[in-house]
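As written, the chains take the letters A, B, C and D, and residue 1 is the first residue of each chain.
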Amino acid sequence: MQLLSLREAIAEYVTDGACVALEGFTHLIPFAAGHEIIRQGRRDLHLVRMTPDLVYDQMIGMGCARRLTFSWGGNPGVGSLHRLREAVERGRPKPLELDEHTHAGMAAAYCAGAARLPFGMLRGYIGTDLVAANPRIRSVECPFTGERIAAVPALNPDVTVLHAQRADRQGNVALHGIVGAQREAGLAARALVVTVEEIVDTLPPAMNSIVLPHWVVSAVAHCPGGAYPAYAQGCYGRDNSFYQRWDAISRDRTGFQAWMERHVLGTADHREFLASLQGAA
Amino acid sequence: MQLLSLREAIAEYVTDGACVALEGFTHLIPFAAGHEIIRQGRRDLHLVRMTPDLVYDQMIGMGCARRLTFSWGGNPGVGSLHRLREAVERGRPKPLELDEHTHAGMAAAYCAGAARLPFGMLRGYIGTDLVAANPRIRSVECPFTGERIAAVPALNPDVTVLHAQRADRQGNVALHGIVGAQREAGLAARALVVTVEEIVDTLPPAMNSIVLPHWVVSAVAHCPGGAYPAYAQGCYGRDNSFYQRWDAISRDRTGFQAWMERHVLGTADHREFLASLQGAA
Amino acid sequence: MTAWTRDEMMTVAAARLLWDGCVCFVGIGLPSAACNLARLTHAPGIVLIYESGTIGTRPDVLPLSIGDGELADTASCVVPLPEIFAYYLQAGRVDVGFLGAAQVDRFGNLNSTVIGPYESPSTRLPGAGGAPEIAAHARQTFVMLKATPRSFVPALDFRTSAGFLEGHGSRALSGARGGGPRAVITDFGILTPAAVSQELELSALFAGATAEEARAAVGWPLLVAEEGETLAPPSDVEVSTLRALHARTREAHSHPVRLPA
Amino acid sequence: MTAWTRDEMMTVAAARLLWDGCVCFVGIGLPSAACNLARLTHAPGIVLIYESGTIGTRPDVLPLSIGDGELADTASCVVPLPEIFAYYLQAGRVDVGFLGAAQVDRFGNLNSTVIGPYESPSTRLPGAGGAPEIAAHARQTFVMLKATPRSFVPALDFRTSAGFLEGHGSRALSGARGGGPRAVITDFGILTPAAVSQELELSALFAGATAEEARAAVGWPLLVAEEGETLAPPSDVEVSTLRALHARTREAHSHPVRLPA
């Protein structure tokens, strides 16, 4: 485990063309890391995430991505992701290949990846046209009952980036609250970078809590507020109004670009990003 | 969820010929429930457990079982289970069919059972004669890579019996500490009976703790000390000296039978069982 | 009697279909409002599961997203997402799944993926999410969707989630273990599957709605059940409970987020 | 120099093979003593995993079972058993696995299942437990086993866990991803696999042990490595640390268990 700045961590672990998962299911979304990937101008990324939301909309809109593995791409409770839509519907700023699944399928694929199995299986994709649309949805025959069970290839990102409440100085990472498939996505990856709200001497004792042990973590970066506008349970709440505002900000390419230039490209780091929003509000 | 006495719960949920898992990996072993099964004279059970230990030795020695699905059958840190050995080596008191696996295989089978998949898979059973000894160890071909991966049939016991630290009055069950594959074994079963150290109005709040929600629990029985001589983290420790003494108690059939008659058949319930040991010590 | 809107009646109608103790896999929006309305009125023991992994949650305000902190704070427990889908939904432990969609067809099949061809859609929708497996494994599903000829269509552009497939028992051959759509709750009333054909037919109207209105809103020739009923309008308790819930929600969501210093 | 026993030297020899920061999948008995001795001497940052799901445990006394409460109390975290096997061991995240057995053959294959035929054994042993997958997936394994011609046998009664199978690279074709046995630590010294044949050969003797003694204890014609070494006897620190650990353990295990009233 290395203790790095977020800039250093992204520079070292997220390279052009890489398969990258910034996981987070509504909670603990690594927004700061996504912004840093945009600032560093990464290209041709294969983005992976069950629920690509605003930060993926931003990365796609800024031309970082060539491919997206996902299961639900919207602004939760609000509507569409306009930059994602424009990439898919019109190939702008770049065409985006889709590897489309269901939540249950993605979950099985991450679990398989974490276990280093070549595929995951589920009773899934039943009666859906996704099977015809995606050649990476297949099936296996049960060697005991003869039933056919859906199969998806394991997901093993080159790097998974997570956000968590805290790490200790050794690099043990503890998260709590809604955890989605983050732990599985983290364990499935070749490298694991974690941004955290705080770094402490000793994690709070919690026998069966969710911990990523230091020897599976590649780098920890201290990044308070790093999930904003998503949230970090026990630290700050979800900025639901920002999610609602994003619809207008992102609706047309020009306004989107101006916003990104002002708040992301025009800021040096996440602290400045947060400060720039205070000014804008 | 029903709140029952242990006697009622066993009478209702554990029937002759049933497939029964009393899970517990060293910790939270449902000893009291096993004794009650012996008292009620159940026969022809298909016993399932990763680590059949003293309580399975007792059930097998008392003639309750016809078949055992397992992965390690010993007295941990001490040696053999003499009653299990006599059943396998000499068919006494009854022959015992074995369905033998590895820990990783049993774990995959329980997980598959909990997910209602027909089989579990693992990179396992590599280079072992178990594959030849057990026709229920097979393989599947990955539909993406062509690799062959070991497969085991899902385990779905008719009833799983667990022991836990506490339940609330609604029947939500919370356990902590070493949990083995108990949760998966519980969720894989058609019925789930849980003995608990205490019943409380409200479980301690713990967002990501291990809870079996009330609507997956068939019955809860209040049974303090119900894991003794195993232990319940935070309640009482493991009686390692009893495990050591068991070697002598169980070594020959006559001594075993006398001990069982005095302490199990000769007591009405777990409270009396514990009291009888106090007298014997 | 309090005045009420069709949106409110949709929520009330859905809430009434739920029973005390039933285990619901809840989606965001109308289903979340309906489930919590049921919990706050006739079904206090309802078990609400959100796909984010919160089990037995009792939110005081409605979440905007499927994973708001309120859901975790008030849950019996929070489990990782793979477990919710494998050990609870796929295992057949969910009584009722709620689904929305952009399009529904006469057999209750749903599209939430694309309008137009998949490879070059005119409108790219958010996609499947948890829906296909909810549709397959919940013991029954309730679909909530406002009706227009663009949403109630003769043929889906893309079948994301299975209803009764081609009807006439074809679902039973598909591997789907749940019972399929038991009701489609829309803004004029409720459609339910006919016994043999499994085609959706109009079985209940909201007070004030008509079969003509329903036929005009549905893009296929809508069958009307022989024993159709008219639903009682929302009671005062239903309306006031729902409005209070929405008011609490608006109030809570209007607080600015304060980051830790 | 303190007097020492062969048992102590086995533990010390195994402990010396471990390095600071290595991730060990620990078995009960001698391996547990060896790993904790390493932790208390030269490898304070060693990560100990017990198959019961305790990760990064730092017990003050040795557990009798693989799942004593002490292991959970002192762990960084405790995870369900399926995760330990799938996400840590099978995923290739374990540096060293320790194995014991009733029998070992010249290629480091192990039997812990039966003596005699499987269907009618003369001795039924406890069985496989975690061993076959530890043997397959740990980056390397250390086997600890006292030597007699009945335990170091020319042919196993049953192959429970794969070592180098038939040697000569046959393991590499098997699907086992870990490196296999790096050392067999026994009560006269250490056997290690020869480079090409992968047959175990005597590569180190304890102080005071002889190659003749070793040959007599092994049930096949034992090869002796050309560059064999003699191991330094246990240091005072090693002996005193190990004895203190055992004394603490005896003391702790002698307390009667008190059930809650």
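We take it that a residue touches a chain if its C-beta (ideal position, glycine included) is under 8 Å from a C-beta of that chain, and two chains touch if they have at least 3 such contacts.
All values reported here derive from a predicted model rather than from experimental measurement.
Common partners of subunit B and subunit C, by the touch rule above, are A. Counted as hops between touching chains, the shortest connection from subunit C to subunit D is 2. Inter-chain centre distance (subunit B to subunit D, centres taken as mean C-alpha positions): 27 Å.
Centre-to-centre separation of subunit A and subunit B, using mean CA positions: 40 Å.
Annotation for subunit B: residues 111, 115-117, 122-123, 147, 177, 179, 184, 207-210, 233 touch two or more other chains. Shown for subunit C are the residues that touch two or more other chains, namely 72-73, 78, 86, 90. If you draw each protein chain as a dot and join the dots that touch, the picture is not a line, a loop, a star, or fully joined; it has some other shape.
The set of touching chain pairs reads A-B, A-C, A-D, B-C, B-D, using the touch definition from the header. Contacts from subunit C toward subunit A in the complex involve residues 28-29, 51-54, 63-69, 71-73, 78, 80-82, 85-86, 89-90, 109, 113, 118, 120-133, 135-137, 158-162, 165, 171, 174-177, 253-260.
Only residues 111, 114-117, 172, 184, 187, 203, 206-211, 213, 215-216 of subunit B touch subunit C when the two sit together in their complex. Contact residues of subunit B toward subunit D in the complex are 25-27, 50-51, 70-74, 76-78, 80-81, 84-85, 88-89, 100-104, 107-108, 110-111, 122-130, 133, 147-148, 177-181, 183-184, 197, 224-225, 228-229, 231, 233, 235-243, 274.
The residues of subunit C lying in touch with subunit B in their complex are 21, 23, 47, 55-56, 72-73, 75-79, 86-87, 90-93.
By the touch criterion stated above, subunit B contacts subunit A in their complex at residues 115-119, 121-123, 136, 138-145, 147, 149, 151, 153, 176-177, 179, 207-210, 233.
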